[in-house]
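Take a look at these structures.
Here come two complexes built around chain A, the first alongside chain B, the second alongside chain C.
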Partner chain A sequence: MGAATKAKSEANIKTVENATCTFCGCLCDDMVLTVDMDAKKITKAKNACVLGKALFLSHEEEDRPFALIDGKPATLKEGVEEAAQILANARFPMFYGMSDTTCEAQRQNVALVDMVGGTIDSTTSVCHGPTGMALQGVGESTATLGEIKNRADLVIYWGGNPAESLPRHFARYAVTAKGMYTPNRKKDRTIVNVDVRRTKSVPVADIFIQVKIGADFELLWALRALVKGRHVDPNIEKRTGVSLETMKDLVERMKNCRYGVLFFGMGLSMTRGRHFNSAAILSLASDLNEYTHFIATPMRGHGNVAGADIVVSWQTGYPFGVNFSRGYPKFNPGEFTATDMFARGDADAGLILASDPGSNFTQAAIDHMKKIPMIVLDPKLTHTAKLARVAFTTSHYGINTGGTAYRSDGVPIELRPCLDSKYPSDEEVIRAIYKRVEQLLKTRKKTKGANNKRRKAA
Partner chain B sequence: MAETMILIPGRTTKQGVGLLESKFKKQYRDATTTVEINVEDMARLGLKDGCKVKLRSANGVTTVKCTGRKTEDLPPGVLFIAYGPPTSKLMGTDTGASGMPLSKHLEVELESVN
Partner chain C sequence: MSLKLTLKKKPTVPVEAESICPDKMEGLGLRDIAALPVHHGNETTTVGDFFKVTGKSNGEIRLEGDTSRFKMVGAAMSKGRILIKGSVGQHVGVAMSGGEIVVTKNADNWVGPEMSGGRIIVKGNAGHMVGCAYRGGQVGVTGGEIIVHGNAGNETGNTMRDGLIAIGGNSGDFTGVGMLAGTVIVLGEMGQRTGAAMKRGTIVSMEDAEMLPTFTYACSYRPNFLRLYLCHLRDLGLPIKDSWIGGSYHRWSGDSIELNRGEALIFDR
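Take a look at the complex of A and B:
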């Protein structure tokens, strides 16, 4: 290789330190990315787990049109016009998604739904939405993952499989991470796993408790009773699959630890009992604070699903399932949540921001989405984009677009993009739609005013 | 003959890597169309790894391949599958005023289609 060629190729390799992986709620911000600027490819992703590596190394800008209208290529401007017309004419539009985009785009999305008097919901409603409801009822004893790493000596995973969904949770925060008061890593911690099946997360646990399917609430309630010194019938084993001795042993460990944490997953919030299960585990942590320091915190899946809750709460006062039909925000899960509104046939239009309900909602909801005009913003072709009236191709947050995302413990993390994209960000597209809808609504108001005047004069 | 079992959909690494590649490619399709079954249940039903089974809930029906899991990993009567289009067909629409359809505790009838 000639010196000039070598210098050229070296000059086009960029290293981005402390980049953030946005695939899951761990939001690891210690990525070291090697980027080939000529090929527009990330060639190395140091510190990433198998999912993070797949995110970065498989990233390539798909050569897709800026927008598709009814499946036909269109310009960005045409897409914005069509989307604005849909929203300006809709009577009960549903805005859904938001867990894989920046807080800046989420904020703009709330402004848009507010203006059109629609309903907004995030993927939280089909993940830890029931936990959000439980939090409102019983409160939360919580901490940052940094505090947990430094202090927790008893870590209980309940109804979740971080080894497959949040792969660096163990190494970065709670099992093998070196903390200020846990310098010997796993040796300084007792790890417990409670689940209905032996998942890939079980091997790291010192104690595995296999609960009968559908009996989490009963087990949690029995543990609460034991913490409070009440009598529990040994027959509880028949219902829960867990012996009274095992429960008593766990309770002793919980009461006598220095700092305990209950990480819980969707094995509680998505199953029979939903918010009652979440409330039970949150209450157990509160009860334990009479004896020691104990916290309970949900494990969140998508990169910025916590941000969606935080932004929607900050803007409307409620975390998800919020309706603006009356000009002010109203919260009512079951009524204003996306899967219900689509499955019942209530929504007459939809805007899906960075999510794919077309592949994971109930069939009744998907069937209704096929009948109404849908607008989709996503870097990739998805099932929802395929059924949409307007599908925008947007740049990838974290890789092409900077901004803010919230880690699952509510800590904001700055994104460090490493590659440019020819596609606009979600925020830019939502802003453009907002501007056009605003014009359309103003014109409509003026015309309505003039017609009224004419009618009165006549 | 159909047998009633409990289906737990969840996340897997394969499904996660597959969706990053493309939801329309083999890896994701394979990950979301393979159901894990207890090996004793499989033997009783005359099923082998790769056999096709029909899963029917009160809401819909889907056909997937099966793979065995040891009893200590997956109890008899319980099935596991990665989330994806097939699980959408089985979920019910009633969210119990929570916004969350029951997604992890689905009663299904399992039937061999071979």
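Take a look at the complex of A and C:
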């Protein structure tokens, strides 16, 4: 990290070096942003990929009210009051989202859910949550992306399409990056891609293995058996679409590489089998450590979704789907995860922080969200914000707000904001709600106590 | 005469009601029973807030009304009987060690997780995770019986160590996943990936099943022990055909990734 800011006062142009892009889980922290302070716009984003450019260059602060209550403009204070009343009166509120905000805001959110006795879940539960469940069962052999860049000579992408979703993954970490022990970049590495279709990530691969839809688990299981020297019936080709010879060749490459890595995406964690698919690939990496060094690591989508897991784990002991109804944290995905709680009609209120479940949850879940009082914090008027009782406009993390975010490999990265915003940060709004709910709950406790005394006296 | 709890007010959110258990209600008067705590979301209320309590406690509790949002009924029970006239919520009979729970309609996800004894009978369908370990746990059911007359969801018998789970209808994916020992009998069809990562134990199905590549065909035979199990299930009211009792079964050994000491017995039609 070099010097951060150079101001060029004459044209009121500012350059921010080593800024962090929060579009995807790569969290590239080598952005050089040129900012026109008068127009409040970012005019150049050097080093950014196509997604990063879209994030920075299209950034514009919309002129929206600080809060909307039932769709009508309101002040921040009115919004906080309404939100606090909803939460103080809720019996089973669901707090969801957190993947596009700072760790500081996530931490406040955990404090709030703890106080009101609600349930907290992040977008992890519809992304790599199953991987989190899998690693509790089978463990994880993992590394940072820096180590992978410097050492890995066999890179396997499975069920993910980084060329389109994490565009700089190849150049910064795993394919064309120059590493300490991989000085000749791609020449020093073998790239394998396993997927159900030819994605845009396939052309960089030396070997492409096309697996039949819904047969990833069987393929992984057969590979595990081969690594362990067990018999596998050649009929496996019918089920998986991959011949036994291809599998044996891949297994030999895996066993004989110097440092292997399995990057896996939602093609595994969100298809039939879910946590067992993730468990299978994590176990395959563990099995291979009998022969060489091998790791498996998920490719995360949202900017700070890894941070949500880490903050919730640090605060509650569990990564997602945590309930505080009884005053202590209880973890049970399927029961305390957001899609399930909304679709079953369990939650009686909701707080959505920096996420848009209204656009991607099941219809049953969205229908229930429409019935209950919802609170939304987002810089944009999202689908969820449109169906919320209270919708706060907040500043954009990474552009307007500083703080910490975690890269998909669990490395914390500092954000370097480049523009001010008139809107408060997520953290400030959550803190304000926390303060007001605390007052409301204290008053209620006192009234309850007084009523009980009166009843006893009578 | 048994103790009767009749639902008088429907909860607005799910209720954790582990107080509804013979061990906790034994020897208590009706007023004390009505004062037992239940957790309505984040609020602690009482049994009496939701139920009209009548009858006398003689070891049997009858639940009447729509109790499908009441979770953890019969949690950790060791004796007595609970008769649920209707459906019940999640975690029914969690960690029970004795006694009997009968559900006349459906049971939600997690039926008898980590139980060590006793019997749960579900006359309708059960959700996912019948007789399983909780996430992060290494061992599921260590004893007892779970009998589901209808269908069950995914991961039936996940990491069970002992006991019997019988499903009268179909079961979902990953039936008997990670089993350490014990028996799972499915009279209908099983979903995909049966017995993945099982170490020991027996999975039986009366319908064809696609086995994982790490299971190998061993032989066809007529297992004696299975006759005893099937006669027992017939006594419990499951529709067991004579042909199943005397029939031959294909034996598949697996999972070879683990100990390879487990078996899947598929009825030879």
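By definition in this document, the second predicted complex is superposed on the first by the 447 of 458 C-alpha atoms of A that agree within 3 Å, B and C clash if a C-alpha of one lies under 4 Å from a C-alpha of the other, contacts with A are read in each partner's own complex, and residues count from 1 in each chain.
The criterion applied here is as follows: contacts are C-beta pairs under 8 Å (C-beta built on N, C-alpha and C of every residue); 3 or more make two chains touch, one makes a residue touch a chain.
Computed from a predicted model, the values in this text were never measured in an experiment.
*Asks:* Once chain A of both complexes is superposed, is A:R91 in touch with chain B (first), chain C (second), both, or neither?
*Replies:* Second partner only, chain C.
*Asks:* With the two complexes superposed on chain A, say which partner A:D30 touches: chain B (first), chain C (second), both, or neither.
*Replies:* Neither: A:D30 stays clear of chain B and chain C.
*Asks:* Between chain B (first) and chain C (second), which does A:V196 come into contact with in this model arrangement: first, second, both, or neither?
*Replies:* It touches chain B, and chain C stays clear.
*Asks:* Would you sort A:D233 into first (chain B), second (chain C), both or neither based on which partner it touches?
*Replies:* In the superposed model, A:D233 contacts chain C only, not chain B.
*Asks:* Please indicate which partner A:R272 is in contact with in the superposed arrangement: first for chain B, second for chain C, both, or neither.
*Replies:* both
*Asks:* Who touches more of chain A, chain B or chain C?
*Replies:* After superposition, B is the partner touching more of chain A.
*Asks:* A:D188 in the overlay: touching chain B, chain C, both, or neither? Say first, second, both or neither.
*Replies:* neither
*Asks:* On the A-aligned overlay, A:W221 touches which partner chain: chain B = first, chain C = second, or both, or neither?
*Replies:* second
*Asks:* Have a look at where A:P333 lands relative to chain B and chain C in the superposition and call it first, second, both or neither.
*Replies:* In the superposition, A:P333 contacts both chain B and chain C.
*Asks:* Scan A:E78 for contacts with chain B and chain C and give back first, second, both or neither.
*Replies:* Neither partner.
*Asks:* Overlap the chain B and chain C contact sets on chain A and report the shared residues.
*Replies:* In chain A, residues 133, 272, 333-335 are touched by chain B and also by chain C.
*Asks:* Using the touch rule from the top, collect the residues of chain A that touch chain B in their complex.
*Replies:* It is residues 23, 50-51, 54-55, 58, 121, 125-126, 129-130, 133, 161, 164-165, 167, 196-198, 200, 210, 213-214, 266-267, 269-272, 274-275, 301, 320-321, 333-335, 337-340, 343-344, 356, 359-366, 380-383 of chain A that touch chain B.
*Asks:* If we count contacts the way the header does, which residues on chain A are in touch with chain C in the complex?
*Replies:* Residue positions touching the partner: 90-92, 116-118, 133, 136-137, 217-218, 221-222, 224-225, 228, 230-233, 235-236, 239, 272-273, 276, 324-326, 331-335, 346-348.
*Asks:* Under the touch definition given earlier, write down the residues of chain C that touch chain A in their complex.
*Replies:* Against chain A, the touching part of chain C is residues 12-14, 16, 39-43, 90, 109-110, 128-129, 134-136, 173-174, 177, 192-193, 196, 210, 212-214, 216, 256-257.
*Asks:* Going by the contact rule set out above, which residues of chain B touch chain A in the complex?
*Replies:* My answer: residues 6, 8, 10-13, 16-17, 20-24, 59-60, 72-75, 78, 80, 83-85, 87-89, 91-93, 95-105.
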